[in-house]
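Below: one structure, written as structure tokens.
Chain lettering (A, B, C and D) follows the sequence in which the chains are written, and residue indices restart at 1 in each chain.
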Amino acid sequence: FEGLGREATPDEVKAWDIDVRPDFKGLPKGRGTVDQGTTLWEEKCESCHGTFGESNEVFTPLVGGTTAEDIKTGHVLSLKTGSTPQRTTFMKVATISTLYDYIQRAMPWTSPKSLKPDEVYALLAYLLNLSNIVPADFELSDENIAEVQQRMPNRNGMTTDHGMWPGKGMGNGGIPDVKNTACMKNCKKAVEIASALPDYAADAHGNLADQNRLIGGVRGMQTGEAHAA
Amino acid sequence: AAVAAPAVAHAARGESAILELPPWSTSLGKPVAANPYGMPSKYESNLVRRESPGLTRVGGSSVAFAPLQGLFGIITPSGLHFERHHQGWQDVDPGKHRLMINGLVKKNMVFTMDDIMRLPSVSRIHFIECGANTGMEWGNVAVPTVQYSHGMLSCSEFTGVPLRELLEYCGADFKKGRYILAEGADGSSMTRTIPMELVESGEVLVAYGQNGEMLRPENGYPLRLVVPGVQGVSWVKWLRRIEVGDMPWATKDEAVHYIDLMPDGQHRQYTSTQEAKSVITSPSGGQVLLDKGFYNITGLAWSGRGKIKRVDVSTDGGINWRTARLETPVLSKALTRFNIDWNWDGKPCILQSRAMDETGYVQPGYGQLRAVRGKKSIYHNNAIQSWKVVENGEVSNVQVL
Amino acid sequence: AAVAAPAVAHAARGESAILELPPWSTSLGKPVAANPYGMPSKYESNLVRRESPGLTRVGGSSVAFAPLQGLFGIITPSGLHFERHHQGWQDVDPGKHRLMINGLVKKNMVFTMDDIMRLPSVSRIHFIECGANTGMEWGNVAVPTVQYSHGMLSCSEFTGVPLRELLEYCGADFKKGRYILAEGADGSSMTRTIPMELVESGEVLVAYGQNGEMLRPENGYPLRLVVPGVQGVSWVKWLRRIEVGDMPWATKDEAVHYIDLMPDGQHRQYTSTQEAKSVITSPSGGQVLLDKGFYNITGLAWSGRGKIKRVDVSTDGGINWRTARLETPVLSKALTRFNIDWNWDGKPCILQSRAMDETGYVQPGYGQLRAVRGKKSIYHNNAIQSWKVVENGEVSNVQVL
Amino acid sequence: FEGLGREATPDEVKAWDIDVRPDFKGLPKGRGTVDQGTTLWEEKCESCHGTFGESNEVFTPLVGGTTAEDIKTGHVLSLKTGSTPQRTTFMKVATISTLYDYIQRAMPWTSPKSLKPDEVYALLAYLLNLSNIVPADFELSDENIAEVQQRMPNRNGMTTDHGMWPGKGMGNGGIPDVKNTACMKNCKKAVEIASALPDYAADAHGNLADQNRLIGGVRGMQTGEAHAA
């Protein structure tokens, strides 16, 4: 492709190649304490995520739903029992690199990529402490992050044993887990309705008459305020 | 009675819509290029993208659903393409936009849009479906219409450069580098791991064109990845960087979201393929049939594993099925439009469609799907959709086992 | 020199477009559904429909050309679909619109849009080309760009009812009634005669859908005829009536216009088929190549007689040819996108494309075409288009014999 | 198609079925003189088409370019000799029904379908007289229109002997008149350029730089005022 593209300079690669992998490739050097994190959190994060990462106002809660036992097993038990109504970030995330990468790349939401490495370490330390993964006097750094990984509550909670990875590197090679057959006649005895739309759900989406064309073989139903009236 | 008489006489002569010539037949219309870039008729304003109230809390990390209830064929008008952003959408200056390729390559490289648009170009029609499409319905019926139940689905003709060409040009190590990372230029700099096998197949495109023009800002202008058959989140928008690597990245949107919760408490990670699925788009939930008599049942079918082979339709809740007509073209990893005749006798009934793809996979029912995956997956709900019709013609969303 | 130093140092480190993160990477973007009906990026405003100055005298009977120079693939964005009106365009109220079928039928009938949209529906991708496309160039080169030379050309996915179904339903006399008249509801009430053979083939549609949504007002909302392979004027817009008859009608636009003047002074009447044709859309007239090196030559090919079989491209004015890649899908009576690699050595050259359709017909050169039809036909100029490239990269319109 | 469509009433068909065929099927009864036509023309048509149908301001001229000899032969000779710069309507039209149909359907341009049958006859009589097809004291009617057809200057000027009618009713059945072959190598000795874009034509279409995308392998040329400046 004569004349097309050019070699990237090392500084350019550095400016954009910010990803951090589970094996910590890409992780910047640095360190930050829970205390430093607390200050930063109050300044830059609290308004959206709540003082303890518990807010459900702007996004689902970051923290909560994990136990000391989970930290031991690496499986968040409430995912199985269903005892927690909502899944928090810490209930799901298996890899601490994910959080470092994401905070550095995207947070705070309104000024992404504004945090320095030490700040990201401090904020992550704060969140780890909220989740009781590290103590209050902890300093997180590139040197000890791999150890903390060993305490992530859901670190064993992921499986790639499925047929939905379109490559060979993981999964079962594409074999579907659910099967149906193309039966054409008398396929079952009766029709069992498992769930139907509650009336409030129809009305919660505004007037459906205004969401359908004014011509054609059908019209939209009168719902929402139109229905109430 | 005297007052009513003229109206009756009139009715016998015929309809005023015909007898009194309409204004558009008796006047001069507007000039060409009155709209240099045209828009739909003013009578079509009900068909727009909409959020589902309560689904998300902020518009910058949310979904706007495509109004499938009123769409035809397989091409989604770009103005109605569904939206899903994680940190809002940006109208990127294409003159300043760059694509970097790094990692397990001989030469880390940078391309301008000028460079990319001079490279060998291909055009292909593919569907894009968010992995969370129909996600609100895993547990129960939750939303009234097909816009909200299936509207994170669109299909476009994409134009761009096969990523394979670019990687070969940069001297990628295809032996060690079995994964690539795609990264966006927006605030979230969305990142997803893509298997190299898909890139090698030539199907993955670094795309700039959508339905004949440039991508829309909401869909990644000026550059996005096209990953046919794979859930939308991997089709990274505002694409700024591709890295070749030897392991998956476990980025936020493949380690905290877009993971499927199984009944045993484990999450399936890296579930990417969108399995065969279909839905009747009309008549559908929230619509009312005007009368009994003849109708054309129409809908969409698609599979992330290739072409649609057959679509069957039931009007009795899945006891008996008839095979629908498929419209041309039937393309791999593209929407396929189906149609079938139906005479509504005015009695209650339940409409369903069931897709089969070229691998022989048959779209499952809710019972079959939940038996394996429970009710909490959020992602990859491809169950058979049921629409219940009652005597007054109202159609509503139900789930049939 | 001291002043220049930082800039140099900077250049060595890399480009500011990368080193200084752009605003779209460091900010929150706009919410979903900010535009419930989306529009192209603000950076795309150069791509609009345009009139050719001096071609017509009033905008209500004129042409707005599609900007082919910047389009990709085969689907024309509906907002850029070419326009040709004879008495302006109208935004017809679809609730008041009617379709009448009369003439050699058992029962004269009237259909509402509700009726029509309940009938069996099909979706198909077809090109539409005005019979006068490239008409300004019969005698000499007249216009600078492919927008004006070939822009009365578009391609869409149309959805509608096969006219055959409607005629059968009305009890048409297919034996005597070998012609139909299609009539519009606009001021001109455009009328054209269509052969019954095309209707019987099932190809002629009474269409309401275009690229997934309703037809645009400029393209006949809410109903137009789709007559694949035939010149655009027959695709009657704002369709209000179909009459079945036993002879052609010789309407104004088939007896005074859309007739081709031959060298012997006779006019060919009822020339309707658009014969195989192609054009390179980029690089094309009025463009400047940025530099020598690699380019993707891209263009469109189409035939009113079926599928495109092959497209050859010459870069030496037609002495030698190479076969281009055809993008999928290749459909009957639809545009086909072709692409071919090209390394520009910086020397003058002439780019051409030549289409061949499935009947074996090969697109002719200007010499061949004029030898038979002279220079005054106005309609149906399907000659091979030539674009001349000079050293400074400027591309211009020339005609090669 | 149960429930779809309805029978049209006779009045409805009458309201819309206004076409007039070459065999005069559909022609309304009525009559109008050249004199009546003159008055109507001045009132309703002159402003766009000129007093004598000669104007080139709004549309190409309706009248002109036909001779007494043409009326005899039914072939407009100047179509062959090229002696007339522009083709007028009367030079081209072979069938008088075409004009009746079109004036009734579409003229005057700003209020189509407003003319009564007698008015259309009168206006057509006026135009026929301008073309010397009928005398100044002529009255055109449904009874004599077929005779006037026999004097249309280009009545024999149409052929359907071509391959571009996609049906069997006329034409040669689809055989193309122009042939090329798909030669691939050394197809000709030299490249003969027959025509090239005149500079004024490039500049007459505005600045082409503003008609091309701002990115890609090409830009638009600076033309028009931008080029002149």
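Details
In the analysis below, a contact is a pair of C-beta atoms (placed from the backbone, for glycine too) under 8 Å apart; a residue touches a chain by one contact, two chains touch by 3 or more.
All figures in this text were calculated on a predicted structure; none of them were measured in a lab.
Separation of subunit B from subunit D in touch steps, taking the shortest path, is 1. One simple way to say how far apart two chains are is to compare their mean CA positions; for subunit B and subunit C this gives 27 Å.
Chain centres here are Cα averages; for subunit A and subunit D they lie 66 Å apart.
Inter-chain centre distance (subunit A to subunit B, centres taken as mean C-alpha positions): 22 Å.
Contacts with at least two other chains are made by residues 1, 3-4, 8, 12, 16, 109, 112-113, 213-217 of subunit A. Those residues of subunit C in touch with two or more other chains are numbered 15, 18, 25-28, 43-44, 47, 50, 58, 60, 70, 87, 94-95, 100, 110, 114, 117-119, 187, 189, 214, 222, 240, 290, 293-296.
Chain contacts here follow an irregular pattern that is not a line, a ring, a star or a complete set. Pairwise, the chains that touch each other are A-B, A-C, B-C, B-D, C-D. Touching subunit A in their complex are the following residues of subunit B: 43-44, 46-47, 50, 52-54, 57-58, 60-61, 67, 69-70, 86-87, 100-103, 107-111, 115, 118-119, 140-145, 147-148, 169-170, 178-179, 181, 183, 187-189, 191, 195-198, 229-230, 240-241, 243, 245, 247-252, 255-256, 259-273, 275, 282-283, 285-290, 295-296, 304-305, 310, 312, 316-322, 350, 354, 356, 361-369, 371-373, 376, 380, 386, 388, 394-401. If you check the complex, the residues on subunit B that touch subunit C are 15, 17-18, 22, 24-44, 47-51, 58-60, 62-64, 70-81, 83-85, 87-98, 100, 110, 114, 117-125, 157-159, 185-187, 189, 208-209, 211-214, 216-218, 221-222, 238, 240, 290, 293-296, 298, 325, 327-329, 331, 337, 339, 341. Subunit A meets subunit C in the complex at residues 1-4, 8-9, 11-12, 15-16, 109-114, 213-217. On the side of subunit C, the complex with subunit A involves touching residues 12-15, 18-19, 21, 25-28, 94-95, 112-114, 117-118, 214, 222, 291-294, 343.
Residue ranges of subunit A in contact with subunit B, taken from their complex: 1, 3-8, 12-13, 16-19, 21-23, 56-59, 75-77, 79-82, 87, 89, 92-95, 97-99, 101-102, 105-106, 109, 112-113, 154, 157-171, 174, 176-188, 191-198, 201-202, 204-206, 208, 210-221, 223.
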